[in-house]
Amino acid sequence: MSVFTIEAGLALLGLALLLLEAFKPDISRRTLGLTAIAGTTLALVLFIFAPHDTASLPGFIQPWHQLDSLAIFYKGFALVITILVLWLTLECAPYLTRFTVDGKLAEMFSLPLIVCAGMMWMASARDLVTVFVSLELVTVSFYVLVAFARKSAFSLEAGVKYLILGALSTGVLVYGIAWIYGATGTMSFDGIAKALANPATSKTTALFGAAVLLCGLGFKVAAAPFHMWVPDVYQGAPTPVTAFLSVGSKAAGFVVLTRALDAFMVEGSIIGSEIQALLLVIGSLTALLGSLPAMFQASVKRLLAYSSISHAGYLLLALACRESARFDLSSGGVVAFYLATYLPMTVLGFLGLGLMRANGLGEDIKDFTGLAKRNPLLALLMTISFASLAGLPLTAGFLGKLFVFLGLADHGYWGALSCAVIAAAAGFYYYFKTILAMYTTEGTDVPALTFSVPAKAVAGALALVILILGVYPKPLQKVLTSDRPAVVAK
Amino acid sequence: MITLGHYLVVSGMLFSLGLAGVIARRNIIIVYMCLEMMLSAANLALVGFSRFHLVNGLPDYTAQSLVFFTITVAAAEVAVGLAIIVALFRSKQSVDVESVTKLQG
Amino acid sequence: MSVLELIIALPLLAALAIWLGAPARAASLAATSINLILVLYTAVQYWGKTGLAFTYSRPILENPSLSFAVGADGISIILALLTTLVMLAAIWQIHDRPDIFYVSSLLIGGGALGAFLTTDIFFIYAFHELALIPTFLMIALHGRAEPAYRKAVAWKATIYLGVGSLVLLAGLVWLVLEFSGGSKLTFDLEALRSQARLNPLPDAKQAQIFFVLLLGFGSLVSLFPFHSWAAPAYATAPTPVAMLHSGVLKKFGLYGLIRIALPLLPHGAHVEWVQNALLLMLLGNILIMGLVTIHAKRLDDTLANSSVMHMGYIFLGIAAGTEIALKGAVILMFAHGISIALLFGLLGRMRNQLGTLEYNKLGGLASHAPAFTVLFAFGTFASIGLPGLTNFAGEVLIFLGNFTDFKAGVMTNLQWTVILALWGVVMSAVYMLRAYRSIFHGSPATGLFMIDPALSQRVPFIMLAATLLVTGCCPWLLLNLMKSAL
Amino acid sequence: MHASIILLLPFFSALVILLGHRQLKGAAVLISVGSSIISFIACLALLAAADDKENTKLLLPFLDIGYLHANIDVLIDKQSRGMMFIVSFIGMLVHIFSLGYMKDDDAKPRFFGSLSLFMFSMTGIVLAGNLIMMFIFWELVGLSSYLLIGHWYQKASAAEACKKAFLTNRIGDFGFMIGILLLFGANGGSVNIEDLTTAFGPGGTLGIHAPGHSAGFTTAAALCIFLGAVGKSAQFPLHVWLPDAMEGPTPVSALIHAATMVAAGVYMLVRVRFLIEASPLAAEIIAGIGAVTALMAALMATQQNDIKRILAYSTLSQLGYMVMAVGAVAMSVQHGHELHGPNPGHPAMFHLYTHAFFKAMLFLGSGAIIYACHHEQDIWKMGGLRKHMPVTFYTFLIGTLALMGLPWITSGFYSKEAILGAAYDSGCSILFHSASLTALLTSFYMMRLVIVAFFGKSRTDSARHAKEVEVIMLLPLVILAVFSVFSAWKTFADTLQAYKPAHEEPHATVLFASIAAFLIGTGGAIYLYRGKDKDPINIKLFANKFYFDEIYAVIVRVCQDRLAWIVTALERVLVDGLVARLPTAIVARLGAATRMLQGGHLQGYTFLLGGGVIAVIYLVVFVLPRLGH
C-alpha cells in the first residue's frame, strides 16, 4: 500500500467520522475518539511498513509528491502528534464538552485526521500548488478547531483572531507565490531552484516574491513580526488544539519553509544571501520577542505560547545556517531534529495542563503551586518537560539548541548567536519560575490529584523519550540522514 | 497595448487596498471582504504572469490551475469564517473588532 | 564498563530509589559510602600513574561526534574524592529533614561526579547543569530566610549561573569548532587536545576564546565582578546544599579552566590583555571581597564571602599556568572544598541550635561545646592557610609557581599580584579570627547556649577535619596522584 | 635519627593530647612531660655526637614537584645544635615548672598539648634546612602561641591578646613569604639554606660581586625576610603584641615569649645573614630598627607596674638588642671586619643563648611570685617578698643581675658586651650610644622591679601571706639560675655549642660603657625607689607605651574597618548594580515593553502584520542587496 493511499484513507476516515456523527447523533464520543485513534494508529503502522520511496507513489501524483527522508520523518511526526492530540482530547473531554454546543465533540475527533492528512501531504510537496492546497486544508480545519469550544468567550475570540489573521496571511502567501512564479516561471521547487541559480533571472522580482512568500509562511510558523496571533490563539483554543497547533501546525510550516528555502538558497542562487540575512534577522527577533514577554506571564498556557514563538526563532536560525561540511545534519535536518525533540516536551507540557484542567484547576502559574505534593509524578514529568524546553543538558531540548548554536557559531553569525543566547537565558527564568511553583509547599492543603493509568503511561513515555533523546540521539540522527537525497538539483 | 506591468499595477493596488481595509475597518465582515480582495489581487497577478509566460508559444497553465484552487479555498474559508463570525455575533451581539480584546498581554 | 560509570551512576540511582520509596537516609548513606570506597579504590589504582585511566566510551551521536566517555586522571580523581567526601559528610549531617534533602544532595553530588569524571565536553557541561537544578530548588524552597528573600536569592544565583553557563557554552562551541579540524566536529576532549597540540591557534585567537571561557567558567566560580550571587546564596542555602555547592560544585569552573581551557589554549592566559584582566579580576576577589568579608557581621556572611574571596587564589594559580602553580591550584581546590564544607556544616548546626549567627549575640561557646569548637578551629585555621592543613600546601605552591620565572630585580605583573594577594592572607586571618573570637572565646555567659552534637553527628565533621590534617601534613599524597605534567 | 625523635615526638604528643585529651585525662600531662624529657635527652645525644660538619638531611617528604623540593629536611650544624639545646632544655624545665603552676587548672591537658605543639613547631624552626620548612613551623609556633596566650579564653583580654598576637605575626609572615618567594625565584627554585649560602657567597650567582647581582633585589629580599623577624621577634613597629601576650600562663611567657619563640626571629636572621651582609642598606635598617626597639622598649619598661609586663618590655628591649647586633655585624662585615674563627660565633646568637636562660628564669620566678600572691601581678601591691620567698628571691636576683650585666660574673655581661662591641665596630656611633643608653635603662628598670617587689614592707595582704612555692617549681628556677651565671663561661659554652664569638680582648670604650651603664642604672634605681610606696616618677608617654596601641586602633578602625565599610557599600551598589541589577532591569523593562505590543486588539495585530510585510519587503528588496551580502 502506498503512502499516498494511507493519507487518502486517513482523510476519508475523517470525513466518515464527521458524517457518522451528523447522521447518528447518539454515538458516544468515546467510540468516536477511540475509532479515530485506532484509525490513526493503524495508519502509523501501515505507514511504517509501506515502501518509502517516491517511485512507490501512484504515478499521477509523482510530479507533485515526493518521499525523501525529510518527508517520511514529517509524516511519521504528523501521525504521532495526531494520535497524541486525539488521546488528549479524549482525556480532556469531560471539561471540554462544557464549552461546546450540545456537549458534542465529534469534529474534535474527525478534523484532526483531515489535518493530519494535510500535514502529511505538505511534507511531500514538490511544488507551490500542493503546498498551498495542503496548507489551507490544515489552516481551515484549524479555524474550526480553535473556535470549537465556542461557548467559551476565549475560544471564540481566539477563533476570530486566528481566522482574520490566518486569512490575511493566506492572501500574502498567494501573492508571494504569484510573484515567485512571475520571477521564475514555474511552481515546482526544482524549477524555482534552477531558475534562481540562473543569473539571467530578475533578481528584484525574485526577491520581492520570496520576501512576500516568506512573510506568508512566517505567519504559519509564528515568526516575528507575524507572531502576534500566537499567544492569544494558543491561550484561547482548547488545550489539545493548542498542542496540535503548537507542534503539528508549526512542524508543517517548517517543512514547507525548509523546502522553500532549499530552493531559494540553492547553491549559486541570486537571492540566497539576502534570504539568509533575512532569516537571521527574523530568527533573532523571533527568539527575543518570544522570550522577553514570556517572563511576565501569569498563565502557563500563554507562557508556553511565547515559548513556542521563541523556539520558532531558534528553528529559523537553524534554517539560516546552510549545510556545513563538518556537520552531518543539514539545516533541514537540524530543524527536523529540533522539532522531534520539541514534540515530546511541548506535548508533555500541554498534556500536564490538560490533565490539571480536567481536574478542575486553572492554567495559571499559581495553580501549579504545590503540585509536587499533590502529585509527585506529574510534577516530575512536568519538570522534565520544562527543563527540556529551557534547554537543560541531558534532555532532548538541549541538543536541539546546541545544534543551532553550533551552526551559528560555525558560520560566524555572532550577532544572531548572542540574541539566541539572551533568549535562552530569559528562558531559564520563566521555565524555572513554573518549576519552582510546582515545588513550593507553603499554603497547599489542597487534595491530591489523580490521573488515569493511560495518562500516566503516555506522560511517562513522553518524558522517557525526552530523556533518551537527550542522552542517546544517535537513532534519530540516523533516521534523518539515512538516505536523504538532494532535494534540489545542485 | 496592455502589458504585464499594467496587470501587476492593478493587482498591487488591489492588494494594497485590501490590506488597508483589513487594517482600517472595524467591522469584521468588511475586514473579511477586504481579505477576499487581497486574494483576488493575488489571483490577478497569477493570471497576469501566466498570460505573459509563454511555454512553446502558449501561456503556461500551471499558475492558472492555482487560481482555481485559490478560489475554492477562499470559498471554504468564507464558509468557515462566516460561521465563526455568526457565532461571535450571537455571543457578543456585535461584529466589531474591538469586541474581541480579552486575550492580551 | 568502567568503574567510573558506576561511581557516577550510584548517587543518581540512589536518588531514583528514594523517589520510588526506598528509605532515604539508609539508601543515600549506603550509596555515598560505597562511592567513597570506589573512589579510594581508583585513587589507589591510579597511584603513581600518569595519563588518563579507566577510560570507556559510548558514542551517542556520530557527527558532531558525542560520546558518553569516562576517564580520570589525577585531577579528576582528587576532585572525585573531594566530591564523595563532602557528599558523605553532607548527607550524614542531615538530621530530621524531608527526603528531598537527601535526593538533592545525591543529585548535586552525582552531577559533580559526572562533570569531573567524563571526558566529553558535552557531558562535562551537562552534568554540571544537572547539579544546578536541585541547588536552585533547595535554596528557593528550603533556604534559611523569608520565602520572598530566599526566592530572590535563588533567582539571582540561577540567573547568574544560567547566563554564565550559556556564555560558557558559547565558548565551548567555539573551541569545538576551532579544534575539531578535518571533516568532523567532535566534543571529545582528548581528540581536541591532540588537535590543539598539532595545530595550535594563533595567540590572539587563543586569547579571545580563553577570555570567553574565563567569563563563563568564572561566573560559575564567582570570579569578581560576577560574584554577587554567591554570598547570599551560600548564606541562605540549606546546609547540605551550601556544603556541596560551595565545596564541590563551584570547583567545576576551575576544573574546566584547568582541564579544558589551559591545555587547549596554552597561550591564551598569557596574552597580555587577558592576563591583566584576569589579574585585576582575581585581585578583586581577594582584596575587595576580603574587605567585604571583614565587614560582615554574621557568621554566614563571613563564610559565604570568604568562600568567594578564596577563589581568587585558585585563579592566581591558573593565571600563572606553571606546573607548580596549577598543581597548587588543584590542591587548593580540594582543600577549600573540604574546609568550607566543614565550616558550612558546622554553621548549619549552630543555626539550628542557636537561631542566630550574629556575632554580637554570640560568645563563649568553647566552654559549652568543646568538641564543636575544635572542629570549627580546624576549618578556621584551614581557611587562614595554616601549615599542616591542606590549604597551606595549595597556597604556597601557587605562590611559588608564580615565581618560577623570576629574574632578580624584574617583577612582572603576575608577581606584583602575588604580593598583593599575600596581603589577602592577612585579611583572611583577620576576619576568621574575629569570627572565632566572637563566637567561641569570651565568657560562657555572654552568648546563647549550645551543646556538642552527639558523637554520631560529629562523625562527618571529624572525617572532613581528619582529611584536612592528613592531606595537610602529607600533601604529597595528592601530588602523587598528579604525576602527569599539567 | 635523633633529629626525627626530637621533631616527631612532640608532634605525636601534641596530636594525641589535643585530639583525645578528654579521654586521656591525667595521662596527657605525663605524655607531654615525658616527651619533653626524651627530647631533651635526644638533644644531648645530638650534642655528644657533635662534629662541625654541616649536613642537610631529608626527613619527610612534603612538596616535591619538578625542581621544587620543599620538604621537611633538617640542617644540623653548630647553630641549630646549640639552639636545639636551649629549646629542649628550657622547654623541659618549663614543662616541669608547669606541673606545679598549672596544678589546679581545669584545662591542664589542653595546656600541655599546646605546649607539646609548641615544642614541635619550635624544633622545626631550629632544624629547618630550607626556608619553606622554616616558614611552615614559623606559622605553627604562631598557632601554638595563639592557643597558649588564649588558654584562658574566657577572659576577654586573653581572647583579644591571642588574636592580636596571631594577626601581628601574620603581617610579619606576609613579608617573610614575599622574601622566600623572591629568593626562590632568584635562586632558580631552591630555598635550601646551604644552597642560598653558596649562591650569596663568594663566587655564587647572587653574591655582591656576581654579574647577576641586583642591589635593589637583595635589599628587598633581605628586608622582606626581616619583616618576618620583626613580627615574630616583636620589633618596632610590630612589637605591640608581645606585652599583651602576657595574658597567657606565666610558664608560657617564660618559654615562648621570652626564651625561645620570640628569639626565633633572631635565629632566622642569623641563618640568612649572608643575605643581610649582601645589602648595606638592609643591614643599616635592621640595625636601626633593633636599636629603636631596644631603646623604646626600655623606656616603656621604666614606667610599667605589672611584673610580667616589665619583663615583657625587657624582652622586647633585649630582642631589639639582638636584632641590632645582626645589623651591626653585617655592617662591620661590609666594612671588612670578618668574624673570626672557622665557625665564627655571632653576638646576637650568643646573647640569645644567655638571655634565654636568665629571662626564662625571671619569668618563671615571676610566675612563682604570682602563684604565691594569688595571681597578683602589680609590683606596687607586693613588697617584702624577699623574706617570704627566699629561694625565689635569690634566683630572681641572679637573673636580674645577669640581665643587667653584672661585670665579669654573669653571662649577661659577656653577651651584652659582645653586642656593644659589634655596635662599636659597625662604624655607626649612634648605634653604640643608643645601645649603651639601653643598657643603662635596663639596669635601672630591673633594679626598680627588684626593689619594689622584694624589698621594703609588704603592701597588701596577698603579699603578706605569700609562701615559698613547692619544690617542683623551685627546681627549674635553681637550675636556670646556675645557667644564668655560668653559661657564658668558655667550657660551658663550648660544650653546649653556644654560638659564642671568639672575641679578643674587648675594646676599652666598650668595657667602660658597659660597666658605667650598669653602675649608673643600678644606682639611679636604688636612689629613686628605695623605700617608696608609690612611683616617684610619672611619665605618661612611657607608661602608655608611646600610645602605640591607641594609634594602631585608629589605623585599624580607619584603614580597615571604615575602608571595609566603604568597599562593601561600593561592591553592593556598583559591582552588583552594574553587573547584575542593571542588565536584569533592562531585560525586565524590555520584557514589559514587548508585552505592550501584544495588546489584544485585532486591528493592532493586522497593522503590525501588514507593517511587517512591508518592512520585510523593504529590507529584502532595498536594504540587503546594497549591503553586498
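For reference, chains read A, B, C and D in written order, and residue numbers begin at 1 within each chain.
Here, a residue touches a chain if its C-beta (ideal position, glycine included) is under 8 Å from a C-beta of that chain, and two chains touch if they have at least 3 such contacts.
Predicted model only: the values in this text are computed from it and were never measured.
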Intersection of contact partners for chain B and chain D: A
Chain separated most widely from chain C, comparing mean CA positions: B
Chain nearest the overall Cα centroid: C
Euclidean distance of C-alpha centroids - chain B vs chain C, Å: 64
Chain C-chain D separation of Cα centroids, rounded to whole Å: 35
Chain centre separation in whole Å, for chain B relative to chain A (CA means): 26
Between chain C and chain A, distance of the C-alpha-averaged centres to the nearest whole Å: 42
Where chain A touches two or more other chains at once, by residue number: 160-161, 164, 168, 172, 231-232, 293, 296
Contacts with two or more other chains, residues of chain B listed in rising order: 19, 22, 31, 97, 100-105
Touching two or more other chains - residues of chain D: 595, 598, 600, 602, 606, 610, 613
All touching chain pairs, where touch follows the definition stated at the start: A-B, A-C, A-D, B-D, C-D
Of all residues in chain A, those that touch chain D in their complex: 160-161, 164-165, 168-169, 172, 203-204, 207-208, 210-212, 214-215, 218-219, 224-226, 228-229, 231-232, 273-278, 281-282, 288-289, 292-296, 422, 426
In the complex with chain C, residue positions of chain D that touch it: 18-19, 22, 61-66, 68, 70, 132, 135-137, 139-140, 143, 150, 153-156, 158-160, 163, 166-167, 170-171, 173-174, 177-178, 181-182, 184-186, 189, 206, 212-214, 216-217, 560-561, 563-565, 567-568, 571-572, 575-576, 578-580, 584
Chain C residues within the chain D interface of the complex: 156, 159-160, 224-229, 288-289, 291-292, 294-295, 323-324, 327, 364, 366-367, 370, 374, 381, 386-388, 392-393, 396-397, 399-400, 402-409, 415, 418-419, 422-423, 425-426, 429-430, 433-434, 437, 440-444, 474-476, 479
Contact set on chain D toward chain A in their complex: 587-588, 590-592, 594-595, 597-598, 600, 602, 604-606, 608-613, 615-617, 619-621, 624-625, 627, 629
Chain A contact footprint on chain C (complex, rising order): 19, 59-64, 66, 68, 122, 125-127, 129-130, 133, 136-137, 140-141, 147, 151, 154-155, 158-159, 162-163, 166-167, 169-170, 173-174, 176-177, 180, 182-185
